[in-house]
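One chain, chain A, appears in both complexes that follow, with chain B as partner in the first and chain C in the second.
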Partner chain A sequence: MTTERTASETPDLGHAVPGTPHPDRERQVLDRIARARRRKAVVREERITLAHGAGGRATHTLIEAVFLKEFGNALLAPLEDGATLRLDGARAAFTTDSFVVSPLFFPGGDIGDLAVNGTVNDLAMCGARPEYLAAGFILEEGFPVADLRRIAASMAAAARAAGVSIVTGDTKVVERGKADGCYVTTTGVGVIERPVSLSASGARPGDAVIVSGPIGEHGAAIMLARGDYGIEATLRSDTAPLHELVSGLLDGVPGQVRTLRDATRGGIATILNEVATASDVAVVVDEDAIPVRAEVTGVCELLGIDPLYVACEGRFVAVVDGAHAGRALDALRAHPLGAGAAVIGAVKDDPPGLVLLRTAFGGTRIVDVLVGDPLPRIC
Partner chain B sequence: MTTERTASETPDLGHAVPGTPHPDRERQVLDRIARARRRKAVVREERITLAHGAGGRATHTLIEAVFLKEFGNALLAPLEDGATLRLDGARAAFTTDSFVVSPLFFPGGDIGDLAVNGTVNDLAMCGARPEYLAAGFILEEGFPVADLRRIAASMAAAARAAGVSIVTGDTKVVERGKADGCYVTTTGVGVIERPVSLSASGARPGDAVIVSGPIGEHGAAIMLARGDYGIEATLRSDTAPLHELVSGLLDGVPGQVRTLRDATRGGIATILNEVATASDVAVVVDEDAIPVRAEVTGVCELLGIDPLYVACEGRFVAVVDGAHAGRALDALRAHPLGAGAAVIGAVKDDPPGLVLLRTAFGGTRIVDVLVGDPLPRIC
Partner chain C sequence: MRFVDEYRDAGKARVLAAEIAGRCEPGRRYTFMEVCGGHTHTIYKHGLEDHLPENVVLVHGPGCPVCVIPMGRVDDAIHIAAQPDVIMTSFGDMTRVPGGQGSFLDAKAAGADIRMVYSPLDALRIAQANPDRRVVFMAIGFETTAPSTAMTILRAAADGIRNFSVFCNHVMIIPAIKAILDSPDLRLDGFIGPGHVSAVIGCEPYEFIARDYGKPLVVAGFEPLDILQSVHMLLGLLASGRAEVANQYARVVPWQGNRTAMEAIRRVMRLRPHFEWRGLGFISQSALMLADEYAAFDAERIFELPGVRVADPKACQCGEVLKGVLRPWECKVFGTACTPETPIGTCMVSSEGACAAYYNFGRFSRDRVREATRA
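Our next item is the complex of A and B:
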């Protein structure tokens, strides 16, 4: 269980902090990476691997080479957390997520509230007020009805807390051994009331990069729930509905928020890379500035996983005009779910398409997207 | 693999055609059934069974006792094919379906076009113009990428044919053995432009009951695709998008269509029972009038399954004001997908809540909802 990165195959960039001159060798490395990223997406595997579901490079390649190729349309192409569309004049957001988390019940939540909050959050990331949810259940023959009741009750409580209604659904049952208990697919629609234009492609040099709270708690809690690692920790999933926190931010710095993405599968490393690639900018973050609870750091160190890649289910990354970073932070911290918000870095123009981490030791390294899947079935 | 019905536990009603006097014994039977149906939904099983996914009695009980109990709201409560809602003033329909059909590829279609058409049809049954789809994929590690490409291409072709765009999606992968290749959940939104009010509770005595074409072809094709029954047949699934056919009907007899339901899991028997129960009316259908292709009848006889319970994926039941049945039929027959449309019966006031079939031999029997699941994983 290791976090593979292509960065591990490239030399450490040492002092290659943007703004300082790059020696030729480093420029060549950066150019090679940039060329590789511009290559047409091709799925080389003949069979689906767990990495195709990890949210990293393999997932993106699969989506581009198979789904985007076939379904291609202007609304799908940006591959944001949800689609922004017009419905009889109304500006709406529309998003879907299938949940296959294992175990189904974990400290801080279960597949039910995770599914509701996950969809509420994807709508919030589009700047929408979440309104209606649909829920599709795929159940395995033999699944305890009591567990299903518990999941349904948890979904209902999460929906009430988020002010959304579950208005339609579907239930399928497959034979014993053909599923793993219960999978839930939630789909949401919401109304976009503000004149926002949020996109991973909206970041500009000079913008500030903010994270809404300490990272990695969902993933670390799931890891602990899975096995006996002999680790004593009180870690709980951070699953929570983020729409009110987002509302506060959008109202606090109107017109100054460029990008909102919740950091689920693949963690904030994946989100930062999506921003760097889509906006063709460099994202430079300071390791010291990234909020991580000591318990999460401890679990990650023991398991050999970098917290930057560990899923959150109640945190997002915001890219905000640099001049308004302070007010944005104030707006976030005014809400309990944003109490731990922090500016973790800035958007630069060079090297475009890459995420650089200034380490605590003064070095700089590239933070690439995940290649493998250190944590399958995290959501 | 048999079609269980509670009817098999009740005596044949002989001449109990509505409008003729019922002997006391028959009235008692009808009253007992009616009382049983009014009982509060209680799930007595401790574990999920395949019947919970069959669309019949167990599914309804599960949905009422677990999901409706927890999620309960005015939009979900009618349990129609989709929810009708307001989105910033726009009148919209919203529906979701998880597809777990086995095999994934079958004569006449595959899980991809089935999923797109299924959701397009549920929107059409709400009187909506289908517009946008979301697609969630749960893939099993080891699933052939070529099969996924084929499914995606089939979804894209079905979406183009139906004039909808797949605008957002999600992909999850579970470990080998934790799923069965590929499950697809499609969710759709569409705009309701006409001032329709379609509901299973809208049927009134005097209405005509129409089916849009020959029944049972999807289910029969899937059965044949599953095993070697030594049956030579050229049966193909009837999977097709029905929104244009529905448009023609709604325009042909404006304001005269009470109910539209596509007859998927559980076949037309299930739909007719939903109408009878929700509208508190009797639905009386003539066996001779129900269009069934000889090949479907043949397959069903060999396998001991009643075609009334076999899924269609391109047929619907319409309840229409009786005075406009002829024009409704003309409107349906004007479209290729409605060429085989037929009036199969009528709505009566007695016995309320029941579906009666006038058999080819002059008798009458109750057609109840499915208790078991003769055909798991049909869609």
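Our next item is the complex of A and C:
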């Protein structure tokens, strides 16, 4: 995160003897970095760059320094997937999401079902039953009407499948070159019937960390569908509505689910970091336990990208009381979308704010939030 | 996944780790430099140091192609990219490297057409698809990537493509290793040699390290077991008092290298008299430029470049980190003023850079983590 700094916080460590470990000094440095990371966010760039939209640290800085600063209120402040509010005594979840995916049509879905499922899932992560959606369209002059029909039909089918109605909307057309074909924004409301309290800040030491299925399939499918790499694989986006799967989980282990987050932009790595930071706990995960399909691993190896950062559109991370992890897993696996669910790690108290990975190789490393998009390596 | 999982087997790693511990003389310190940024990345990504005894220390070398690009060259590239009819292309790693006036990402936000490619051939395809634009490929990297740049220029020449050029920043590994060996700051016991570079140049060019400096070097592959095995081999050479060059990565690296690739470099490129390396300063005969016969593809001759040398920021200690004199966290600005989001030095940008690798993967206290990760 971009932070304000003062001269006193850049220490003179003197000249170190190469290779000599200084445990005390290292600890000092680590503490100083931890403090630096907690400081107020500042946007240094004069213009928006693509990194600001990648869902990583740059996005978070922008949201905190620009939007949270201006809009700041108690409902927005936790920066959950949606806001939980009371309407006339009833608890409701309220959320919005914009979709700018390219290409618009890809194996396993298109921008239409993605836009419906994305908002349905954000509501589901609040523990809500999705009810109504609004849909906004920004269309580029020259966009084929046949494509728009196809997108609308796909949205209708996804809405039916999720049991929601699209009840209001808006359409704008911009000049050729001012948009990339078609952008869709969906906004949704849902009813929270169960007495749940779900938040990224709810994780406690002893909790289990669960992922609802194999990760990274949407992001990998999109990368290949862009056709830039000349790689062929039978990968499909995992886009799917998750509210039924979530219902099954919440009923299977009532009162034991602390956090639900769908692992979209930034992948599960980003979600786990949000939990570690918001709950001030350590999240320790086992690389061997994280389900990743061989095709996704293969694509990521070829492109030099870590699947932990690749987007899913039909998977979520759940933090559940450790004593009920087995029953939670049973509840998830009872639904077809949760067949590949797995416990991937546990919540510990120390070191707070860090996500640690026990690597398949038998080592340890941290898993941080990326600044922007994962950059492929040169060689 | 075949050909990958075999080299990441934790059981084999534990066996090898025990043998490594057995080969270490008690009380003796072993300091090895992994020259290549790809190795640095592997070491941190897999947590490889957990398998090494405390008296075996790995220091990170200068072999991260992005890390050694001086700021002035980034500014030159951005200057080219800002010309109205230009499409600038480069590898993804370059997008966040700071010059004196921002990075490619900033220049792109300000309106420049900058595109990420996976290969110089992709850049050539962009040139063919956009005949009314001038397409420039910012070529970076050691002998690993230089052949593909050379082959692309040969292809462009053969196909008569006139709107394609290369901003050549290719550097060579041997002068960099020599600069490190001649640096008075550092005592090393041996080198883990760069695997991909060696696939091109072979193993012979390292022999002077053994002969003149009395240090062993083991050319290593990029999977974690490759690196552990290389450490094992280095300890074996030291134990028997042999300063030699050995090849752990024989499945990819022929002793003689790749003659076709070297021939392509020789045809298209010439040695520069000297070239500035980020943090290391000017090193003579350490970089490549296009030969006169290919001047038509040389962005340095096509475009007028500011060519302003930008001094590294005072606070930045990338040079010491690249030479392995300082560990990343010992730099004065590490993790406070210099972070992956606001990098001051290039070592904090590329995932192969020592500082970024440490910040992203290794920023924790081993004692506390041992407790947290106990099963």
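What we mean here is this: the second predicted complex is superposed on the first by the 340 of 379 C-alpha atoms of A that agree within 3 Å, B and C clash if a C-alpha of one lies under 4 Å from a C-alpha of the other, contacts with A are read in each partner's own complex, and residues count from 1 in each chain.
One rule holds in what follows: contacts are C-beta pairs under 8 Å (C-beta built on N, C-alpha and C of every residue); 3 or more make two chains touch, one makes a residue touch a chain.
For clarity, every value in this text was computed on a predicted model and none was experimentally measured.
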If we overlay the two complexes on their shared chain A, which of chain B and chain C does A:A360 touch? Say first, second, both or neither.
second
Go through the superposed model and pick first if A:R47 touches only chain B, second if only chain C, both, or neither.
both
Touch check for A:K348: first (chain B), second (chain C), both, or neither?
second
Is A:L85 touching the first partner chain B, the second partner chain C, both, or neither of them?
first
Does chain B (first) or chain C (second) touch A:G298, or do both, or does neither?
second
Scan A:D97 for contacts with chain B and chain C and give back first, second, both or neither.
first
Does chain B (first) or chain C (second) touch A:G177, or do both, or does neither?
first
On the A-aligned overlay, A:V29 touches which partner chain: chain B = first, chain C = second, or both, or neither?
second
What residues on chain A does chain C touch that chain B touches too?
45-51, 376-377
The residues of chain B that touch chain A in their complex are 43, 45-54, 59, 62-63, 66-67, 69-71, 73, 75-76, 82-83, 85, 87-92, 94-100, 131-132, 134-146, 148-149, 152-153, 155-156, 159, 165-175, 177-180, 183, 185, 187, 189, 191, 193, 376-377
Complex interface listing, chain C residues touching chain A:
1, 4, 8-10, 13-14, 29, 31, 38, 41, 44-51, 54, 57, 59, 65-66, 91-93, 95-96, 105-106, 108-110, 116, 118, 122, 140-142, 144-145, 185-187, 196, 224, 315, 324-327, 329-330, 332-337, 339-342, 350-352, 359-365, 367-373
Can you name the residues of chain A that touch chain C in the complex?
1-3, 5, 9-13, 16, 18-19, 21-23, 25-27, 29-30, 32-33, 36, 44-51, 57-58, 61, 228-229, 282, 284, 294, 297-298, 301, 303, 306, 348, 350-351, 354, 356-366, 368, 370-372, 375-379
